[in-house]
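Each of the next two complexes has subunit A plus one other chain: subunit B in the first, subunit C in the second.
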Partner chain A sequence: MSIVRALKCRECGHEYPIEPVHVCEFCFGPLEVVYDYDKLKGRLTRELIESRPQTMWRYKELLPIDGEPTVGAQNGFTPLVRARNLEKVLGVSELYIKNDSVCYPTLSFKDRVVSVALSKAVEFGFKTVACASTGNLAGSVAANAAAAGLESYVFIPHDLEQGKVLGAGIFGTRIIGIKGKYDDVNRLCSEVAGKYGWAFVNVNVRPFYAEGSKSLGYEMMEQLGWKAPKHVVVPMASGSLCTKVDKSIKEFIKLGLVEDNGTAVYGAQATGCSPISRSVKDGTDLIQPVHADTIAKSLAIGNPADGFYANRVIRESGGWAEDVSDQEVVDAMKLLAETEGIFAETAGGVTLGCAKKLIESGKLPRDESIVLCITGNGLKTQEAVADAIDKPRIIEASLKEFDVLAAEDKAALAA
Partner chain B sequence: MAVSVRIPTPLRKLTGGADEVSIEASSISELIDNLEAAHPGLKERLCDDNGEIRRFVNVYLNDEDVRFLDGRNTALKDGDEVSIVPAIAGGV
Partner chain C sequence: MKLRVYLTFNEQNVTEPVIWKLARKFDVVTNIRTAEVKDHMGLVGLELDGDDDVVEAAVAWLKEQGVHVDPIEQGIIEG
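This part shows the complex of A and B:
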């Protein structure tokens, strides 16, 4: 049963029927899917959800498609890891990692949004799908489109990490590299979308696409034992994930699936592209666009479309925003890998690096539950850490040579 | 001075379907006023009640966001290209 009511402008409140449109004709405000939650009261229960397969679609009533998903039916339901080693290092008592670095099928949380966007695109009758991407989205659109038998175009900045270019190209998509930053790619795509009549997941089907992010929040709460955390830290590029995690929590409270735990939402950015965290720290809701310059390329959006709303979620929930240098990003990527065995992409380094700073500054309390959202996989951004990790020590296939190394290691450990 | 202005899909109902129009103007502010004169109703879509460019409207002059230039006061010259683009999302 679909409880989707309409598309509604977040600025002026004007409502539109369910169509592939993304901006309000009157004020250019972004459109958002709104629901009739009353229809679900008492019908969507914990037991019903638990009886379903472990995918993001176990919450299908709260995702904006009609009927069953036609694309990405297996996506989502990633592990929530209790990070006991990291707790000791950071000096906190209850820390979890929501690990979307292993999201099916392309190892980032984008598989959630793409499965909703493409299922919706199929419903609308589109044959070609496309996106503007900083990399993860390109791979996810290409893979999910291939599996669904859809044609795809992905538009990326020309200087993306090799892992992300390859991770899209393998699926036989048409990749277009744009000479410019992500914001330039985005701008071109908004013009292409207007002209070619394709389903651009982050342009004309964006209202549906963005809702897919809520599944990360639903899973987090179910995996905590049907509880909302006290604190949740999310990386921010456009700021969309930040607002959708907040929306997921509010929806579960409204439906009686969890109690209101007063969850505070925290946003993480790289200092080289931190227009949203800057605005929070400056106490304003005006987002000043910047020219992005950071190794965290998946977060390098200088003109964040949802920045205003992310800022509002952070302030109203009692959270905060932080940003970290490229060096801190690399250090945090290594810390997460060495303590929890999780190789996150640069955005994960941003999230953990910011959480560490927020704990040290007292903004994040040490004795309450904290969830860190890790949204992508480090194998796609190897360039960022290539120079920061130990190279293999090369020896002959000789036990004697190894004995020498082992003795050195033992001595170093003793020292 | 004539500049060409690229019109996004949501506004083409006001330009008779045209995706590009030519307007005489020496600044962004004047351009918006002259757009309004030629295609009534455009200004209120682009600007709020105080005449400021709306939060979700991006205006580019030859590929640069005018917020990085002089905003509404950004000067225009003959042959410039202006694009009006709704903000769109991506990334995280």
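This part shows the complex of A and C:
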């Protein structure tokens, strides 16, 4: 049963029917999916959700599709890990990692948004889907489109590293490399989206696409034992994930699935691309565009479409925003890997690095529950930590030589 | 063509009558759809209607004035 009511302008409130449109014709404000929650009251229960398969679609009534998903039916439901080792290092009492670095099928939370976008695209009758991306989104669109039998186009800057091209190319997508500066590439993508009758996931189907992020929040609350955390730290690129995690919590409260725990939402960015964090710290709601310069490429959006709304969520929820240097990102990636056995991409280093700073500054209390959202896998950004890990110690195939090393290690441990 | 863009003004150009100058310099219809102006920056949602090459030239001129021009979708390229 679909409870989707309409698309509604976040600025002027003008409503539109459910179609592949994304901006308000009156004020250019972004459109958002709105629902008739009253229709679900008493119907969507914890028991019903728990009886369903462990995928993001166990919350399908709160995702903007009609009926069953046609793309990405297996996606989502990633682990929520109690991070006891990291708790000791950071000096906090209750810390969890929502680990989307193992999201099916392409190891990032983009599989959530893409499966909603493409399922909706199929409903609308699109045969071709597209995106503009430098990494995770490209891979996710290409893979999910391949599995669904859809044609796909992926637009990338022409000088993107070969490894990242491979992450999408293997799925047989059509990859177009565009010459020019970031702004020019960005504008061409907008024009392509406007001209060709395709489902451009983060343009004309963006209102539906973005709703997929809510599933991360739903899972987090269910896995906490049907409880909202006191604090949640979210990496920010466009700022969309921040707003959708907040929306997921508000929806669960509205439906009586969790109690209001006064959850504060915190946003994390890399200092080299921190327009939202900067606006929060400066106490303004206007986002000043920046030219991104950071190793956290998956967060490098200099003019974030949802920056204003992420800023508002952070301030209204009582959270805060922080940013970290590239070195702090690398250090945090290592810390997460060495303490919890989780190899996150650079964005994960941003999230943990910012959380660490927020704890040290007292913005994040040490004695309340905290969830860190880890959104992508470290195998995709290996170059960021290649120089930061210990090189193997090379020995001959001789037990005697190994005995020497083992003795050194034992001595070092004892010291 | 009709082009829909967001213009971001900085502290240096936020007090300049940039859109008035644009309309005098180029044969385009300017239609402001949303605007927020503060001391240190401003954001304007603008529709530009005119011949393709004139609209292109108008956008290039805006950039020369130090105005940041984005499609209304803003940052489309995601990680």
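Note that in this section the second predicted complex is superposed on the first by the 401 of 415 C-alpha atoms of A that agree within 3 Å, B and C clash if a C-alpha of one lies under 4 Å from a C-alpha of the other, contacts with A are read in each partner's own complex, and residues count from 1 in each chain.
Note that a contact is a pair of C-beta atoms (placed from the backbone, for glycine too) under 8 Å apart; a residue touches a chain by one contact, two chains touch by 3 or more.
Worth saying up front: this structure is predicted, and the values here are computed from it rather than measured.
Q: Touching A:Ala237 in the superposition: subunit B (first), subunit C (second), both, neither?
A: both
Q: For A:Thr284 in the superposed arrangement: first (subunit B), second (subunit C), both or neither?
A: Once the two structures are laid over each other on A, A:Thr284 reaches subunit C alone.
Q: Is A:Glu11 touching anything from subunit B or subunit C once the two structures are fitted on A? First, second, both or neither.
A: It touches subunit B and subunit C both.
Q: Once the structures are superposed on A, label A:Asp184 by its partner contacts, choosing first (subunit B), second (subunit C), both or neither.
A: The answer is first: A:Asp184 touches subunit B but not subunit C.
Q: Applying the touch criterion given at the start, work out whether A:Ala210 contacts subunit B, subunit C, both or neither, answering first, second, both or neither.
A: In the superposition, A:Ala210 touches subunit B alone.
Q: Can A:Leu336 be said to touch subunit B (first), subunit C (second), both, or neither?
A: Neither partner.
Q: In the superposed arrangement, does A:Ile295 touch subunit B (first), subunit C (second), both or neither?
A: neither
Q: Can you list the residues of subunit A that meet both subunit B and subunit C?
A: Common to the two interfaces on subunit A: residues 11, 22-23, 26-29, 131-134, 137, 182-183, 186-187, 189-191, 193, 202-203, 206, 237-238, 288-289, 298-301, 303-305, 347.
Q: Which residues of subunit C touch subunit A in their complex?
A: Residues of subunit C touching subunit A: 4, 6, 8, 10, 33-34, 36, 38, 41, 43, 45, 68-79.
Q: With touch defined as at the start, can you tell me which subunit A residues reach subunit C in the complex?
A: Result: residues 11, 22-23, 26-29, 110, 131-137, 155, 157, 182-183, 185-187, 189-191, 193, 202-203, 206, 237-238, 284, 286, 288-289, 297-305, 347 of subunit A touch subunit C.
Q: Which positions of subunit B touch subunit A when the two form their complex?
A: Touch residues, subunit B against subunit A: 6, 8-10, 13, 19, 45-46, 54-58, 60, 63, 65, 67-68, 83, 85-92.
Q: Within their complex, state which residues of subunit A touch subunit B.
A: Result: residues 11, 21-30, 109, 131-134, 137, 180, 182-184, 186-187, 189-191, 193-195, 202-203, 206, 210, 234-238, 240-241, 288-289, 291, 298-301, 303-306, 308, 347, 375 of subunit A touch subunit B.
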